[in-house]
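When the chains are written out, they are named A, B and C in that same order, and each has its own residue count from 1.
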């Protein structure tokens, strides 16, 4: 084969493979666009202020999703309230106190493993430990504790990243002035790490808000048109509500529009939370770059 | 034609009374057979010398010879690195700083440190200076204000910042930041100040200000300063220690060190032949 | 120049009084505070280990009744699951096979899809495009699985029913399709990371020898990133096999063995309704009587699931470390 022919063949092979890769990338983007399109078109018809703020009525075939939205917000906030202090504490240990060694390796191995445990297994665990053994029953608190354990690996990782971003010179400066380790962490390291930690916390919140499997077992209610007043009560939740409307309801066809609306509200909620988190991260990252 | 003012004649008193003057100066650190390892890598080898009180001691030597390591050993900041091992002793006020009874908080309050790169905290100018006194228990607002003002005056920064004490310290220029860091260190009322290449990140004018400040500060403080800049060492220090590969090659009065080095390696280094 | 005096209470030539007593005195309160904080953080730091042990221990404790009564081999090899019959059966084999089937099916789609996309993002796309594609992948990762399950139900299942002429489109293949979307972000991001971590001098050497861009990708980047890419596949497997909501909504949940006979061979049937390990826990866990044998049996199912994901994730972990180690040594 002549040299020119060889080069031409090489070009064609390259062109073919690059086209294949590009096609898959286009499919990826297309799939995402399709998902949004479908949910937005389906949900836009039903979504309205009263849809969001009304109670479900007539066995969920009419009315709104207010208790499910509130339930989701309650359980997510409770989850974060439990997991963030624990996660920040763990991150402070790993990043500030621990010396590299067997214990730290073991902790990191456990964190990675926990993040791979299926959510339904967390649900089963929460059911057995918090609902049954601790006697919380199926309730907000049992669900929140379960979700808190589930998001803990992410919260720890996020908090650790935030701590890593604090310059070493702050710690040295503090210690060199005779501050104790805790004074240095409390007064110099944590204030600078808070925006990063907030980002991690909100990402955890978004994850908790979109999660369904664990709360099916630990506290979500099929239909409960009241706002929970106590952490030992059951609650409605948006993702579970969507599941019910889509598959468990006796008239799935009738409630389909409501299901679309629920899906859209859930997506908006999750994306909103993620955007806030990313906004905070970028805002402080830019601010730090300016310094 | 204007008559030129006569240059004042400078007489170095110490030069004339050398024999008993040297014996008279008190020492603040007595370093004895100090060795230090990072893991299995020995960074300091058997170092012994005295650091004099209320004088400026310069540490010079080529990159990687252990200057920073030595400086950080004096207030035991070096132990923040993992796997650091030391032997020998550094006697400070009749006690070996490696003694288990030594309280690191007190040690580091008495021995302040200024870093190569200015490292103000992400707080206001006022809070940067007030940080030290606050953690050491000063709660009184008026007292804090006094300390902040006098510390900033001491480093010549007061007039530049007195109207913007609540602004972020990070808004200051590099030279101002470094003086702020010195003020922050003075506010804790230390006895010794350690400085690791305090001017290497600064422009010439800011450097000159810091040098001037160091000369003023030695009236009240013992200062140990690491520098890469031989002229700077000659200008500001009273004594100089020359390090090479973790060893102390020569320690002498600065003027003698530069005019009449004893060791061939020192001679080569101070004449700029290597390093 | 006269220095403004800082020390107001001491005379000017002895500026500060440091004594041996002062250097060795320890403030009880400060020390206790610091000591307690350190211990508190140690406890919080080790929390992850305790939680992992607690999960394993708890699954085992709650499942031990069923293991004792039913026997572990019945769980793994038994083909029928009738927990509420008068003669209850606890054979989880149909669930295990369904889980593996649905997951493997998902990976058949997601692996080429994810890896080619990762190659495009990491090696081919110009910088601007790359910056636009990364958030797309991130948005995939935040899509709640229940919403994807809903899409599977209303969009994919009718298509499947039509194409294969089935009365019900909720089948293993429906679940595989939607699961591939779930596993996609994991595969793309891990594969992309490992492609990015291939040192650029590896590639530059090949370019210098006149290789085309594709040859560099095929002969340099992909082989160097091999372990990382296999890890991406393993993590994708772990993610998909543990996924509950999408399969619960898409797979139909029939509890029979999902197999068919073809020319005397037993082969998996992708066009039938299946129930995975995860879906079974979700369906039966919400109204099982606590403490019953059935309840205990669900924990055994959870244990099986845990063991599968644990092993898969462990292998992925080892592979990622291997690639890191290999690239560092070179």
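By our rule, a contact is a pair of C-beta atoms (placed from the backbone, for glycine too) under 8 Å apart; a residue touches a chain by one contact, two chains touch by 3 or more.
These are the chains along with the protein names UniProt gives them: A = Phosphate transport system permease protein PstA; B = Phosphate transport system ATP-binding protein; C = Phosphate transport system permease protein.
As the structure is a prediction and not an experimental result, all values here were calculated from the model.
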Line, ring, star, complete or other: which describes how these chains touch one another? complete
Using mean Cα positions as chain centres, tell me which chain lies farthest from chain A. B
Per the C-alpha centroid definition, the whole-Å distance linking chain A and chain C comes out as 14
What is the distance, in whole Å, between the centres of chain B and chain C, each centre taken as the mean of its C-alpha atoms? 53
Between chain A and chain B, what is the separation of their C-alpha centroids in Å? 50
Multi-partner residues in chain C (2 or more other chains touched) are 30
Among all residues of chain B, which ones touch two or more of the remaining chains? 105-107
Show the residues in chain A shared as contacts by 2 or more other chains, in ascending order. 180
Of all residues in chain C, which touch chain B in the complex? 1, 3-8, 12, 15-16, 18-20, 22-27, 30
Touching residues (chain side chain C, partner chain A) in the complex: 30, 33-34, 37-38, 40-42, 44-49, 51-52, 54-55, 58-59, 62, 112-113, 116-117, 119-121, 124-125, 133, 136-137, 139-140, 142-151, 153-155, 181, 184, 188, 212-215, 217-218, 235, 238, 241-245, 248-249, 278, 281-282, 285-286, 290-291, 298-299, 302, 305-306, 309-310, 312-314, 317
Chain A touches which residues of chain B in the complex? 75, 77, 80, 82, 104-109, 112-113, 115, 117, 119-123, 131-132, 135-136, 170, 181, 184-185, 188
Which residues, counting only chain A, touch chain B once they are in their complex? 99-100, 167, 169-180, 183, 187-188, 191-192, 291
Taking the touch rule as given, give the residues of chain A at its contact with chain C in the complex, in rising order. 10-11, 13-14, 17-18, 20-25, 27-29, 31-32, 35, 38-39, 86, 89-90, 92-94, 96-98, 103, 106-107, 109-114, 116-125, 127-129, 131-132, 149, 152-153, 156, 180-182, 206-207, 209-213, 216-217, 239-240, 242-243, 246-247, 256, 259, 263, 266-267, 270-271, 274
